[in-house]
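Okay, got some structures for you below.
Heads up, the next two complexes both have subunit A, just with different partners, subunit B and then subunit C.
== the complex of A and B ==
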């Protein structure tokens, strides 16, 4: 027989968390559902209005924009950061000296706050910022870049040709030769630049694209084009979150038994085939996790939009989360809690749906 | 016999050649890996590094962007030290004090055929940054400074017949009050080109190169290097309490972080232990609800949570004489006592421990609390380490919820919200110096923490990730 004291012990231990779960999640969740069917301004008591808020939501042009921006953002960022994280992990999965340093370095963007990272990026994306400067360098420096590329290719081709003459099996992108070619080509290009044989292209205007305060869209100005400021936030987000997911992939790669690689090597599989048929299936669970976490966080994207604030047109960057916020705490009119809650419920359902769909896609 | 030996030798040299080639191959391969790693490092560290050095610059938006920074040149450090010493007797932190005699030398170049004209020296009343900063200045150096006559000390004729002239003058303090800044502008006619001065000007090309201006000649070395950092603190004061805003923000963030880390460690380990090692009714429901709560966006719950804090958690806070928990530390702490993900991490960790641990203790007659406190808590050190770091990072970087909770007064903000107000204030004028400096300061604690406790960060990620 367990004493009563022992029986209630689990609940006592859980009580602080239960308090949080009930008050700041359960109660809040139910109230949000309730508010979404009412007219409420935070002060006078809520008035029941049925589905009016939801109907208004779909009539609101701004909500449509927010939905479009959020979906665009979630799909593009999740896709790119997953691929990028995988590439990084494969690159970093090496047993060489100093790997710990690189791992730490790559993780830097993930530990700093969204506020800091967004501010630094806003600065880089200014009209006279580093991004435009680098683009200008590429634009005016194309003769040098071209020279470098041509020489790299030529030298690489020469190496491969010699190897082929000696009848050794070698692929064109053999990394050890590529490294040598890049180094040699770099030297040649440097000499050519120093002797002024190859120079910067002259007479080209510097690139002064306005990235943030712009209504321009890419690839076209249609509804589905990505607005410049949102595109900039996408770049920022991929850059900050890829390293976090890289760590997950890295752990997954290190869990793959060595025998699998050896077996593949014995069967004569190429590097790519080994990756595609051996490594990729092993990483399936992690990919599911990475994509799920990616979707959940990108659909909620808020901080970047709030920090950029009036430095970009609202319509170009508004997301569902920001839509909810500005309806709940608008700067001039009284709060529209009903609309905000309805939009929040919509965002919640959308998140759950995408996660479920994803789960199904992975299982099948 | 002879031929056989020869054959063997040939084979050997062949083998050696292959081996050498393989070795070379391996080296190039390692080299190429490092090359790729380095490229990626530029990508990830580059923006931070460039932001860091640009936060020292007079104009972080200078075009073309340069890696060389006046503030990082030792010649300027020494000059700033000497000028600070001349202004107040202190080289590291200078002022413009009574009795000061500040010597200054400047060199111009004039094209052939133009007669050099001495610069016009003005001690200006200019104040950098926001209007609020102007209110804080009590004494303007302009009211007390007397500039000596500008004398030509050297003239040099260059190969192309253009002339380099060096002028010297001194600035005297004639009054009896201490001024904290000595801003100086030099004006010359068109065509007369600025070459160099005792210390590099903060703005060398005002009015198409006619005006060179210095923010504060007698600043001393440290304020000279960290000019933008100094502005972050000195230009922002609370209108109500008069406290420095930025230091308040740092302190607020720190207090909230420490409090929430402590509550998280205690409550998450308790809940995690219960969910992982105890059997009770409703366990599965609670766990599923917890997972569900992790998927629901914060935008769903924040309105109700805002109201809960506004009304002091159902009026409970009135017992402590507080009407509302908005705009207060306690509000942010109460609403963040412990998070679902923290409980999740602890649960995963406790589940991984051997089942015999509590069985043995139960046979010895230990109570649940004793088992938690004496057996499991001490074993959970690695998980608690990871949890501490992750929670600290999470709270320090939190943005959305503090933005909702903290509206006024400004000195209640956390760092992230403070940085947003910085962006609003300085961003309008494209004055990126203080914004970057503020960002660097607010990122610094986490970066230090990361460098010291790197292992825990990585472990924390794998706790939340892989096992989940």
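== the complex of A and C ==
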């Protein structure tokens, strides 16, 4: 028979966190739900209007844009960051010297502040910024790149041919020969460039794509096209969040017993088949976690849109969370707390639905 | 036990008494404005003019500048009842605060005041901060747009300076000619209604017609849009963003453009960033169809919180903040244009330097041609955003004027129906 003290001890220990949860989440959520059924401008008392806010949401052109952008962003970013996280984890799971350095280096993008990264990427994506410069280099430098690749291929083929003549088994991608071919080819290309036999292509216009300040869509202007600024934000988001999930996959990979790998090797499976049929199913639970967390955070993307500000047209980058923000704190008119709350409730329900759908898809 | 009890009570009473006498002698009035360069100016103004006078009346002024988005801050503070007693109100969003009943009407205080009278201020400015025939804010300064041009670049190209007789067409020709210089473009074309709208007003466009709707297919608006965006087709004009600049003043300071359309705020920026830039100032060019110029009035006023604790003290501080001495001091430092009628012929304007002349042109701009206040009723910034977006699209070649007009009208109707 436990004493009263022992019975209430857990609750006492939980109470600080429970207090924060109830006040900042519970009370705030209920208040938001209440406001979504009212007309409230922060000054006069809220007036009950029932479902009018929700109906107005679906009539609002900007809400439709925000919904479309959010869904595009969520699907594409979650998809790519899961794939990259998995690939990175598999690559970094090897037991070679110096792997610890690479793990730390590849994880770096995740520890940076998203505000700072967005600012830096805004600079990189300028019309005369670094990314356009690098693309222009590739465009005008294609003769040099082509020469290098051709020579690498030729020298490698030459080495392999000699080995095959000696009837020794060797794969085309033999690393030691590959290294030699790359080095020799580099030297040859350098000589050719110095003697001006091969030069940068002349007369080509530099690439000056406008990444941020544009409403152009890729691949086409239809509903499914991704606008350039949103695409840029997607690139930077994938780059910064894939490493976080790579850690989860790494942990999962450590859990796979070696016997499974050995069994697959005995059965004669190639590296890729091992990955696809042995490793991937073992990581199913972690994939579910990564995709769920991915969806939840990408559906709520806000800070990149806010920092890019008026460098990009609002229609091209607005997301649901930013739509809530500009309705709650508009730039010069009275706030529309009712609409903002309705949009926030909608976003919450949408996130819940997507996660439930995904759970069903995994279970089946 | 009883002794110590009474002892503690006695000490407490004494402490309370001391605090109450101290607070009774010293009333605190909180004022707030925006931060940045404004902060240093206001602090010095308080030190030189306001604090000495207010100390004699037992009032301490507490200045709390807000570094970031002021309008969002003030809306939240007023709703949470923690707002300062006196705060800036920008003409752009003042009406929404006034309609929400958060600002104290000042007519009674003005009637009883010996120093501050409504008639002392430029009427169009006071009207912008009035509603239902009550005055809610005292304008502290104002600004209009002027054409700033780089005299050295025009001399190099051998082109006559833009002057007050220029029309849109003659100005476009001059800009074309000056852009023949290497690495120089004509006019900085900010893709914003705030820098293009005055041309529409000059051609007869009105923000809201008699039915309260905005008709962008009005010939005046179309003419202004076509002319403004046509400059970007040649080197006669360029968007500052295409030069990596955030605004026209920035591009003008680096001498990549020969002219820009800005208000008197660019004078301070140029003094800082390009002190040797030899610039001249003139009025907006006239529209060929009407022969009139157009302009915007940008204005900021001091407003009083309806829930201020000590309104009499706050009004006394307001009297000092908008006094003739303070406005004269600010004018002499070239910081802003006075809103008091008495200062219109101030000797400062007659000085023979480019800054005084620029201030003079900006000041005169408020009474030249068709001048509209920079406010859009209950729509605020949302009214301008469809037009800003279309300006950007047309000038970056992503859209034609026809498509742009249709898109802008569609989105504007959407915004106005929300």
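Odds and ends about this structure:
Definition applied: the second predicted complex is superposed on the first by the 325 of 364 C-alpha atoms of A that agree within 3 Å, B and C clash if a C-alpha of one lies under 4 Å from a C-alpha of the other, contacts with A are read in each partner's own complex, and residues count from 1 in each chain.
The rule we apply is simple: contacts are C-beta pairs under 8 Å (C-beta built on N, C-alpha and C of every residue); 3 or more make two chains touch, one makes a residue touch a chain.
Because the structure is a prediction, the values reported are computed rather than measured.
Using the contact criterion defined above for the overlaid structures, shared-chain residue A:331 touches subunit C, although it does not reach subunit B.
By the touch criterion defined above, A:315 reaches subunit C but does not reach subunit B.
Using the contact criterion defined above for the overlaid structures, shared-chain residue A:76 touches neither subunit B nor subunit C, since it reaches no partner. Put subunit B and subunit C next to each other and count what each touches on subunit A; the higher total goes to B. In the superposed model, A:42 makes contact with both subunit B and subunit C.
Looking at the shared chain after the overlay, A:216 reaches subunit C, while subunit B stays out of its contact range. When the shared chain is aligned, no partner comes close enough to touch A:170: not subunit B, not subunit C. In the superposed pair of complexes, A:61 makes contact with subunit C only, with no contact to subunit B. Put simply, subunit A uses residues 42, 126, 128, 311, 329 to touch subunit B in one complex and subunit C in the other. Put simply, subunit A touches subunit C in their complex at residues 41-44, 56, 60-62, 126-128, 210, 213-216, 311, 313-315, 329-335.
Contact residues of subunit B toward subunit A in the complex are 24-37, 40-41, 43-45, 47-48, 50-51, 54, 60-61, 63-65, 263, 266-268, 270-271, 273-275, 278-280, 283, 286, 289-290, 293, 295-308, 313, 335, 337-340, 343, 367-369, 372, 393, 396-397, 399-400, 403-404, 415-416, 419-420, 423-424, 427, 430, 432, 435-436, 439, 442-443, 446-447, 450-451, 454, 457-458, 461-462, 465-466, 468.
Only residues 5-7, 9-11, 13-14, 16-21, 23-29, 31-32, 35, 42, 88, 91-92, 94, 96, 100, 102-109, 111-116, 119-124, 126, 128-130, 133, 175-180, 182-183, 206, 239, 243-244, 247-248, 251-252, 286, 289, 296, 299-300, 302-303, 306-307, 309-311, 320-321, 324-325, 328-329, 337, 340-341, 343-345, 347-348, 351-352, 355 of subunit A touch subunit B when the two sit together in their complex.
Within the complex, the subunit C residues that touch subunit A are 71-72, 75-76, 78-79, 92-93, 96, 99-102, 241-242, 244, 378-382, 385, 389, 392-393, 396, 398, 411, 414, 418.
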